[in-house]
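Scroll down for the structure; my scribbles are underneath it.
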Amino acid sequence: MSVPTQRKLLAKPARTADKIFFAVAKAAGYSSFVIIGLILFFLSIRAWPAFERQNILEFAFGTGWDNTLDPAVFNIGPMLWGSLLIAAIGVVIAVPMAISIAYFIEFLAPKPIAKTATVIVDLLAAIPSVVLGLWGLGVFTPVGAHWAQMLGDALGGFIPFLSNDTGTYLRSPFIASIVVAVMIVPLISSVTREIFSQVDKEIIKGALALGGTRESVLRRVILPTSAGGILGGVLLALGRAMGETVAIFFVLNLVFDEYNWFNLLEPQGGAIASLILARFGEATPEEVEALLAAGVVLFVITLIINAIASYIVQKAQPWRRD
Amino acid sequence: MQAVERPKNAQPWTNLGPKVKLSSAITIIAPSVIYLAILLTTGMDFMAGLFTIFLPLQLLCGAWAGYYSYGKRGITDGLLLVVTFFLSLFVFVLLASVLWSVIESGFQALSPHFIYQNNVYVSGKTGLEIGGVGHAILGTALTVGISTLVTVPLGIATAVYLTETRDFGRGTVRTLLQAMSALPSVVSGLFIYSMLILSGWSGYSGLMGSLALIPLMLPTVSRVAEESLRLVPKDLRNGALALGAPSYRAFFMVTLPAAQSGIVTAVLLGIARVIGETAPILLTMTIANGTNLNPLQGGMATLPGYIFNYILLGDPTSIARAWGAALVLLIFVGILFAAARVASAPKKAKKRSAK
Amino acid sequence: MANFHLEAKDVNVWFGARHVLKNVNLQFPENQVTALIGPSGCGKSTFIRTLNRMHELIPGAGFAGEVLLDGKDIYGEAVDPVDVRIKIGMVFQKPNPFPTMSIKENVISGLKLSGISRPDAGDLVEQSLVRASMWNEVKDRLNDPAISLSGGQQQRLCIARSLAMDPDVLLMDEPCSALDPGSTRRIEETILELKESMTIVIVTHNMQQAQRISDRTAFFLAEDNTPGHVVEFGETQQIFYGPIDPRTNEYVNGRFG
């Protein structure tokens, strides 16, 4: 007996009200395309004169930012590098803490303690960055400078990262990185926790019952299955750290004229987002274009990092797809 | 059916013997006591000692306790536990430091008039007896309120798109939203500035600030809403459709009510996400000292903008005002947060009783 | 033979590229209960969902053939699936009362969901609950939340909910599989009463149940990666006591499945 050909099933809703309902939903879904597109379009179009005036490579990697010169100089090299440096060091500091917390909550703590710890971490995530900036400026900077001085005195002679001849330890990339780390710990730990929670608990119980140790279970079972997702979370945090504005603005000394390649403890550094905030108020029209151009660079970099990160996170969380 | 008795050692690793208990107690107590003694006698720096004396001592104890209780294979376990606890505690200490400093310094500025007065007659030399954040609270409520009015329907509709349709673009939209969730807030401010203010369509105003908050709020609202819609069992949707409901009625009468608490949580978390945003506001609004309830015109203060301004002023009373405003802001965030937890709690209870 | 109220002609179903049902031809006469039996994965639940177009809600679903209600193809171009589902009600395997509604609201939820207004909604609640034989149990607590009911009561509430729409056909997909024997017996009694006024199709795993309540039985089978199909279809007595196909004989006598 032959099989009849497939019929077209109803792909679209038949009723007008349903059509409207789905059209609205679809439009809303596509609004995120529109928003991202509008951001790119308007920032680029307004920043275009700045890109035209100078070589884009020079803009991105050159040094100096001065609107009193003629012609004015607007280059974001040290800021771009500073953003990367602070974000990277912040991530290096945050990752061990975030993974420890996630491990503690998912695998070690009894239920009530784990719940409390979760609330605490979520609360940390909810602290506005301006409040963290205030804390960084008023409370942490003196403490951090003290730590930095001890580190510099003890190790500065051997480790070039930690040498500092300027005599002051305030407003350094080191301090900015720690403030940033406080911001991104909850982000990394919540992604990690979600990944950890999907590890099959029965396998872990089995491994432990067979005489495996916690350490070997972590190394052989938990980490291999969750490494991808954690990496995605870390990248997500890197993007967030690069975009952080206000908190860094208060605790970092912006130096436009030269790169601070790696002297973490010296009071000079850069951050694109802070540059924008710092110069925006008194900017000349020409300078505003350059600031918008800096915004474009920042946006493109964070967008790329975030897109890669969310791709990895989604890959690592197949249960989220349908 | 006869109840099956649970074997006594179903979880052998939780059944701690006396050896484990003893060595754990020593590991917890001994390094702290020794370190405290060293601190008191030599007066060395706490932080320096924490990493050079306490942590090595603690690791040593952990390794010993592991070895003593479980033999050789226990050593790495002991080290792992010590590192985990140490780093976790470090995070809690950091959070405690932030919260405590805000509470301690904030309370010095806090008074009834600090909540309701505005700042018209305040300069750097004015004492804390006059002036407050009343205008900033109203401004925050207005700007965040307008963003919420726009973003919540948009976010929920996006969540509907992601859960109720079978459009091919869903994966991309989800990725974009995820990427948008880490959009630098300063870029969001630049966006509205370059699109509307630089074009001359609008001056600096509260409305511009609200618009700049939308791209930051949307990902949070839509993600949490999506998650809560996804938790509604397929059976309920099918039940409604099988009764002859058009999709939109099935959604509004069955799916949405079932996801209600999750939707409320989405709204609250969305507000909490943007209530403290500073950079976009600084680029799109001027911070006023007086009360302004017109979002279309004039400067308008918001709590984060207020904090930022007074930190910049830098003198002790201004900093005190900033701490006070930070405390007020944190209290709002805390309330939103607690409300979100309460809203999402009954859902779990309901699920349990349904089983 | 009585006129066939509902008829499936050459029904084929695919999920993606997988062919899961092949050339199913079944006729469901009015005022009779037709049972669909067969081992798990033979496509009987999939088949019953094609009868009121719930099938097409599954992503990747494909379909061929015709389903005729009173001689008219429900998959026709001009037919709105919403109208089909109003005429052909469905009860699911797991009770799914709407958790945010009260018992009363659940009963008349179909009217509200499909936008039908009826002045006698109050009477309809009683009528439907009586037909689902649970009026006496719940008449004093109509405003309680539906999820406060027991599993069996919830399922009968779902039946009442479908009955309130006054359907011509009631499809039941293993309605008792999640229930205790007492609740199962009550639902079977209800089915026997209901068939006086409508056509009923029921998927069941329970051979005794099929014998107790059905007039006709169809035996589905999917052998070794081939699409499911109907092996034998006839009077229930004949299927159970005089099956023609040896595979039917083996199945109804519990040798496999």
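The first chain written gets the first letter, and so on, giving A, B and C; residue counts start at 1 in each chain.
We take it that contacts are C-beta pairs under 8 Å (C-beta built on N, C-alpha and C of every residue); 3 or more make two chains touch, one makes a residue touch a chain.
Bear in mind that the values here come from a model prediction, so they are computed numbers and not experimental data.
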Chain pair, B-C or A-C, that carries the greater number of C-beta contacts: B-C
Chain at maximum distance from subunit A, centres defined as averaged CA atoms: C
Chain nearest the overall C-alpha centroid of the shown protein atoms: B
Mean-CA-position distance for subunit B and subunit A (Å): 15
Subunit B and subunit C, separation of their C-alpha mean positions in angstrom: 48
Inter-centroid spacing, subunit C versus subunit A (mean Cα positions, whole Å): 53
Multi-chain contact sites of subunit A, meaning residues that touch two or more partners: 15
Multi-partner residues of subunit C (each touching 2 or more other chains): 82
Residues of subunit B engaged with two or more neighbouring chains: 246, 249
Sites on subunit B touched by subunit A in the complex: 11-13, 45, 47-48, 70, 73-74, 76-77, 79-81, 83-88, 90-92, 94-95, 97-98, 101-102, 105, 154-155, 157-158, 160-162, 164-165, 167, 169-188, 190-191, 194-195, 198, 214-215, 218, 230, 246-249, 251, 272, 275-279, 282-283, 304, 307-308, 311, 319, 322-323, 326, 329-330, 333-334, 337, 341
Subunit C - residues contacting subunit B, complex: 52, 54, 57, 59, 82-83, 85-86, 89-90, 92, 94, 96-100, 109-110, 112-115, 147, 158, 161-162, 165
Residues of subunit A touching subunit B in the complex: 13, 15, 17-18, 20-22, 24-33, 35-36, 38-39, 42-43, 45-47, 96-98, 100-101, 103-104, 108, 117, 119-124, 126-135, 137-140, 143, 146-147, 150, 182, 185, 205, 208-209, 211, 213-216, 218, 236, 239-240, 242-246, 250, 273, 276-277, 280, 288, 291-292, 295, 298-299, 302-303, 305-307, 309-311, 313-314, 321-322
In the complex, subunit C residues that touch subunit A: 10, 12, 14, 19, 22-23, 53, 55-56, 61-65, 75, 80-82
Contacting residues of subunit A [partner subunit C, same complex]: 1, 3-7, 9-10, 14-15
